[in-house]
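You will see subunit A twice below: alongside subunit B first, and alongside subunit C after that.
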Partner chain A sequence: MVDASTFLSISIAGIGLGALYALVAMGFSLIYKVTGVLNFAQGQLALLGAYGVVIFATPAVLGLNLPAVVAVLLTIVVGLLLGIILERVVFRHFIGEPVLSVIIVTLALGGIISGFLRFLVGPNFMSYPDALKPGWSIDLPLGASIGASFTLGVVLSLVVVVSLMLFFRYTVTGSILRAAAADEQAAMVLGVSIERTIIIAWALSIAITSIGGILLAMASGGAGFTIEAVGIIIFAAVVFGGLDSIPGAFLGALVVGLLQEYGSFYATGVIGPGAGEIIPMVFLLVVILIKPRGLFGTERIERI
Partner chain B sequence: MPCGEYFTSYGSRMGLFRWRTQRIALVLGLPIPFLAPLAVQGGLLSTITQIYIFAIAVLGLNVILGYAGEIVLAQGAFMAIGAYATSQILADGLFGVQIGLLPAIMVGGVFAAFVAIMFGIPSFRVKGFYIAISTLALQFISEWFFNNGQLEWIHGGTQQTIPFEVGLVGQWFTITGTDMELYFISLVLMLLFALISLNLSRSGMGKVFRAIHDNDLAAGVLGINVFRNKLLAFAIGGFMIGVSGGLFGYYIGFISPDYFTLDLTLQHYVMLLFGGLGRVWGALLGVGIVTIIQEFLRGFLQSVAANATSLEPVFFGVIIIVVLAVEPKGVLAALGQLKDYLRKWPFAY
Partner chain C sequence: MSRDDTTAQHPVVELDNVEIVYDRHFLAVQGVSMEAQKGDIVALMGPNGAGKSTILKMISGIGLTERGEVTRGSVRYQGEDTTNADTNTMVDKGVTHILEGRRTFEDLTVEENLRCGLYRGGRRLSYSEEDYELAFEYFPQLEDILDLKAGYTSGGEQQMLVIARALIHRPELLLLDEPSLGLAPKLVQDIFETLTEINREEDITMIIADQNAKRTLEIADYGYVLENGQVELQDPAETLKDREEIKEFYLGTSREEGRYTDIKHYKIRKRWT
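== the complex of A and B ==
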C-alpha cells in the first residue's frame, strides 16, 4: 500500500493544497496581528473570491462575459474595496469590544456573505471559464506531477509570505502596522493614523484571501460551496503556526494540507468518506490541548 | 423599585418574585400559556411549541455563554447528539429496557453533557477564542459523523424516524404525539429549565460562574476552582441543549444532520443576544421574538421568489451585527431603559 511513488505524489498534492490554504490562513493572521479581530468569515470571504470570478467571467449571473484575467483582477480589486467597506461599516464599531462580540460579528458576516451568494448564484457548482482551467502540469521524479493550480498556489503563496515578511520588516507602512499591533495607544500618540493602518490591513487581508479562494476554485475546476469549509480548516493551520505569526500560518497550512491529503488517501477506507477534512480538525484539538500558543505565537501574559 | 416596598431580609431581596406587581403578574400570566391551546390551533400552536423547545437550548447556551462566559459554537452538535441518542434509546431501549420518552430525552441530555465536558477540557489552559474554535471543530466533526454511513453502528443511521406513539415514562402514559401533547410536554420542560436557570443564577454556583466570566484570574486568586466550574457550566448547559435536541427530534419526528448545522448555532446566538445575554427572561423573549420574525420572514420571502429563502441568514446576520453595535445587552436592557424613562416622565430625573 505504501509505495514511494504514491506517497510522493500524495505529499506533493498535500503541499499544493497546503499552499492554497496558506493564502487564506495568512489573510487571517494578518488581520489578527494588526487588529486583533479573529475572523471566522475567512471561508466565506474565500468563497466570495471564488464566486467573484464566476460572476464577472461567465454570463450566468450578471450577464457579464469578461476575459478571465480581467475577471480575476476585478475580483481582487473587489476584495480590496470590500476590506475598506467592511472596516468602515462594521468593524470600526467593534474596536475594543469583548472577543465574543467580534467573533459573533464575523460569524454573522460569514452567514450574510454565503446567504447572499446562495441567493445570487444558487447552490450549484459553477464551472470556471476554460481560460482558468489550465491543463498543464509539471512532471517531477518518481512519476509524480503537480497540477497547474497547485503550482500557481505554491508560487503565489511563497511570493505572498516573502513579500509580507519584507513588507513588515523594511517598509514604513509595515513598521506602522507592527507598531499599531504592538501598542495601539502609543502608536496613536506618535502620530500614526490607526484608522488608515487598520483599513490597509483589512484590504490586504481580504485581497489575499480572495486570491486563495480563486486558486482553490481553480483546483477543482469551478466554484462550489464546499470552499466554505476552508474557513474552519485554516484554524488548524493558524493555531499550529501561532495565531499572530505569518510564516507560522504558512507552515501550519502546509502541514494541514499534507494531513488532509494523507488522511483522505489512507484513512478514508477506515473511518469513511470525509476523513481528509476530519483529521485536520482532530489535529487542531490536539494542538489546542498540548501547545495552544503554536509554533511561533507570542505568549500573552495576563495580569489581574 | 416601586415606592413603599422595602426588602427586610436577604431572602426577600433575592426572591424570584420580589414585588407586588411581579406577584400579580405571575398569578395573571402563568395560566396564559396553559390556556393558550384553547385559543390557537394548528400551525401557530406548533410554532409556539418550537419556541419552547428552542428556549430550552438557548437557556442552555445562556448557562455556558451568559453565566460562565465561554463561547460555544456547537449548539447544532449538542442538539444532534441529544436527538440521535433519544432516537436510538426509543428504538432499542436502554440496555434492552424501554424507558419511555422523558427518560430517553434526559439520557440524551446526559450524552450531550458528556461530550460538552470532553470538549471543555481545553479550558484547563485556554479560553475565549480557543474554546470557540475547539467547539467549532466539534460542530464540524459532528456533521461529518452523523452524515457518515460507515459509522452507522454508533449513531444508528444518518436519517432516522422517531415514532410518535411512545410511553412518557416506561410503557405507561402512552401519547400519540398530537399538537396538544407536544405543546404541554415542551411547555412543562421549558418552565422547569427556566426555573432551574433562574435559581442557578441566584445560587452560589451561578455567582461563581459570573465571577469566572468577569475575571477568571481574579476568581482563581479568590480560591475558586476555575477549571472545575467551567466544566460544570459546560455540563449543565450541554445537558439542557441535549434535552432540547431530543425534544426537537421527537417534535419533528424525523432527524437528519441537515437540521443541526452551524446555521442553527448562529440562529440561537441571534436569539440570545437579541433578547439579552445572561438573563433568563432575555433568552425567552429573544427566542419568542426571533422565531416569530423568522416565520413571517420565511412566508414573505417565499412569496417574493422561490430562491429568496436563502436570504434568511443575511437578515439574521444584519440583526445580530446591529444589535451588537447598538445595544449589546439586548432588547431586555433596552426595555429596562424605556421603563426607567417612563417612570420618571415627564421629569428629566
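== the complex of A and C ==
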C-alpha cells in the first residue's frame, strides 16, 4: 500500500496544506508573542479573508465586481484596517486589565465576525471568480505535482516566516516589540506605546491570516464556513512550535498539514473517516503532555 | 537650594505641593515639594514605602499604568506643566526612568537590550554598532557579552546594562530607582562612580532614589529624605551628611546613643508650610 510515489504525493499535499495553515498559525503566534493574548477568533479572521474576496469580487453580495487582484489586495487592506479599528474601539480599553479578559473578547469577536458573514453572504459555499481558480500546477519527480494555491501558500508562508524572523531579530522596532512582550513597563519607559504595539500586532496578524484564508478558499475553489475550523487546527501547530515562536508556528503547521494528509490517506481505512481531523488533535494532546512549551517556546530564565 | 528667579532657567523638574493617590483611595505621597536643577544629582532617601518610587513614577508617567494619579499640586518639567502626563510624552521630552529591580529584557541578548534604547517615540528605523559607543564608553564590560542573553548575566552586569540602555536613549533627565539594591558594595561603588562621570560628562540631570543613603549622598548635590509620603529633611548633600538624624538612621555613623524619640524634634520646618 505504501509506495514511494503515492507517499510523495501525499507528503506534498500535506506540506501545501500545512503552508496554508502556517499563515494562519503565524498570525496567531504574532499576537501571542507581542500582546500575550490567545486569539480564539483566528479561524473567523481567516474566514473573513476568504469571504472578503467573495464580497469584493463577485456581484452576488454588494453588487461589486472588482478584478480578482484588486479584491485580494482590498481584503488584505481591510484586514490591516480592522487591526487598527479593533485597537481603537476594543483593545485599548483593556490595557492594564488581565489578559484573560481580552481572550474572552476574542471569543466574542469570532462570534461577531462569523455571524456578520452569515448575515452578509449567507451560509452557502461561494465560488471564487475564475481568476482565483488557477488550474496550473508544478510537476515534481516521481509523477507528483503541486497545485497552484498550495504553491502560492508555500511561497508566501516562507516569505512571511523569513520576513517576520528578520523583523524581530534585526530591527529596532522588532526588538522593542519582543521587549514589550517581556516587560511592558520597562519597554514603556524606553518610549514604546502599548497602543502602537497592539496595532502593529493585530494589523499584521489579521493581514497575514487573511492571506491564509484566501489561499485556503482558493484550494477548494471558493469560500465556505468549513474554513472556520482552521482556528482550532492551528492550535496543534502553535502548541507544537511553542506559542510565541513564529518559526515554531510555521514548522508546527507543516507537521499538522502532513499529519492530516497522512491520516486521511493511510489511517482512514483503520480508524474510519475523520482520521485526518483526529490525528492532529491527538498530536496536540501528546505535545502538551510531553513538551508543554513546544519546540521553540520561550522558557522563563530562572536564576538561583 | 538657592534659586535665582530672575533667570530664565527653570529647574529640570519641579514638584509643587504634590499629592499622589493610587487607585483613587490609597494616599501615597502628600504635600511634597522638590526640585532638581540642571546638571544636579538629587538624592531621594528614606525607608521602604516612603514614597520614593512613587514620586519617580509620577515624574516619568509610568505611575499612571499602576493607577497612580497626582491629585493635588503640580509637576513641571523644564518649566512646562506635565502633571499626570503619560510616559510617552515624558520620553519624548527627554525623561528616562530606570525602574527598580534591574528590569532587563531577559530573553533578549545584551545587544538587543541596548538596541531597545534606540527606540524613542518610534522614529528610529536603522541602527549600527556605533550607536552603542556611548554605552561602551562607560561600561566597556558590556562589549564582551553582547551576544549573551541578558537573563544569564550577573546582577552587576544587569544593572550596568539597564543604565547603558537608558544612556543610549540620550535622556536629559535620568530617574534611577534603587540602583544599588542587592549588589555587592564594591559594585555599588563602581556604579555610583560611573553615574557621577555620566552626570558630569553628558550633562544628564539625575534623581536617584536609593535606600543606601550613604553612597547616594556621596555623589549627590542635593538630598531629600522622605518618610510616610512626606519630605522630612532636605538640604544640599554636604549639609545633609552632617545632620544627626541622617547619621543616626541612614548612615549609621553617629557615635551617640540615641533613640528615635530623642531625635524626632530635629525635624526641620517643612518648606511648603
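In the analysis below, the second predicted complex is superposed on the first by the 294 of 304 C-alpha atoms of A that agree within 3 Å, B and C clash if a C-alpha of one lies under 4 Å from a C-alpha of the other, contacts with A are read in each partner's own complex, and residues count from 1 in each chain.
FYI, a residue touches a chain if its C-beta (ideal position, glycine included) is under 8 Å from a C-beta of that chain, and two chains touch if they have at least 3 such contacts.
These figures come from a predicted structure and were not determined experimentally.
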item: Subunit C versus subunit B on the shared subunit A, clash or fit after superposition; value: fit
item: Superposition-derived comparison: subunit B or subunit C, residues of subunit A touched; value: B
item: Partner chain in contact with A:A186 - subunit B first, subunit C second, else both or neither; value: second
item: First (subunit B), second (subunit C), both or neither touched by A:I176; value: second
item: Touched partner set for A:R118, first subunit B, second subunit C, both or neither; value: first
item: Which of subunit B and subunit C A:P134 touches, first, second, both or neither; value: neither
item: Which superposed partner A:G221 touches (first subunit B, second subunit C, both, neither); value: neither
item: First, second, both or neither for A:A108, with subunit B first and subunit C second; value: first
item: After superposition on chain A, the shortest CA separation from subunit B to subunit C (Å); value: 15
item: Common ground on subunit A, meaning residues reached by subunit C in one complex and by subunit B in the other; value: 303
item: Subunit B residues within the subunit A interface of the complex; value: 65, 69, 71, 73, 119, 121-122, 125-126, 128-130, 132-134, 136-137, 140-141, 144, 147-151, 215, 217-218, 221, 263, 266, 269-270, 273, 307-308, 310-314, 316-318, 320-321, 324-325, 328
item: Touching residues on subunit A, where the partner in the complex is subunit B; value: 38, 40, 90, 93-94, 97, 99-101, 103-105, 107-112, 114-116, 118-119, 122-123, 229, 232, 235, 239, 243, 271-274, 277-278, 281-282, 284-285, 288-289, 292, 302-304
item: List of subunit C residues in touch with subunit A within their complex; value: 60, 62, 65, 67, 87-88, 91-92, 96-99, 103-108, 112-113, 115-122, 124-127, 149, 151-152, 165-166, 169
item: Of all residues in subunit A, those that touch subunit C in their complex; value: 95-96, 171-173, 175-176, 178-179, 182-193, 196, 298, 300-301, 303
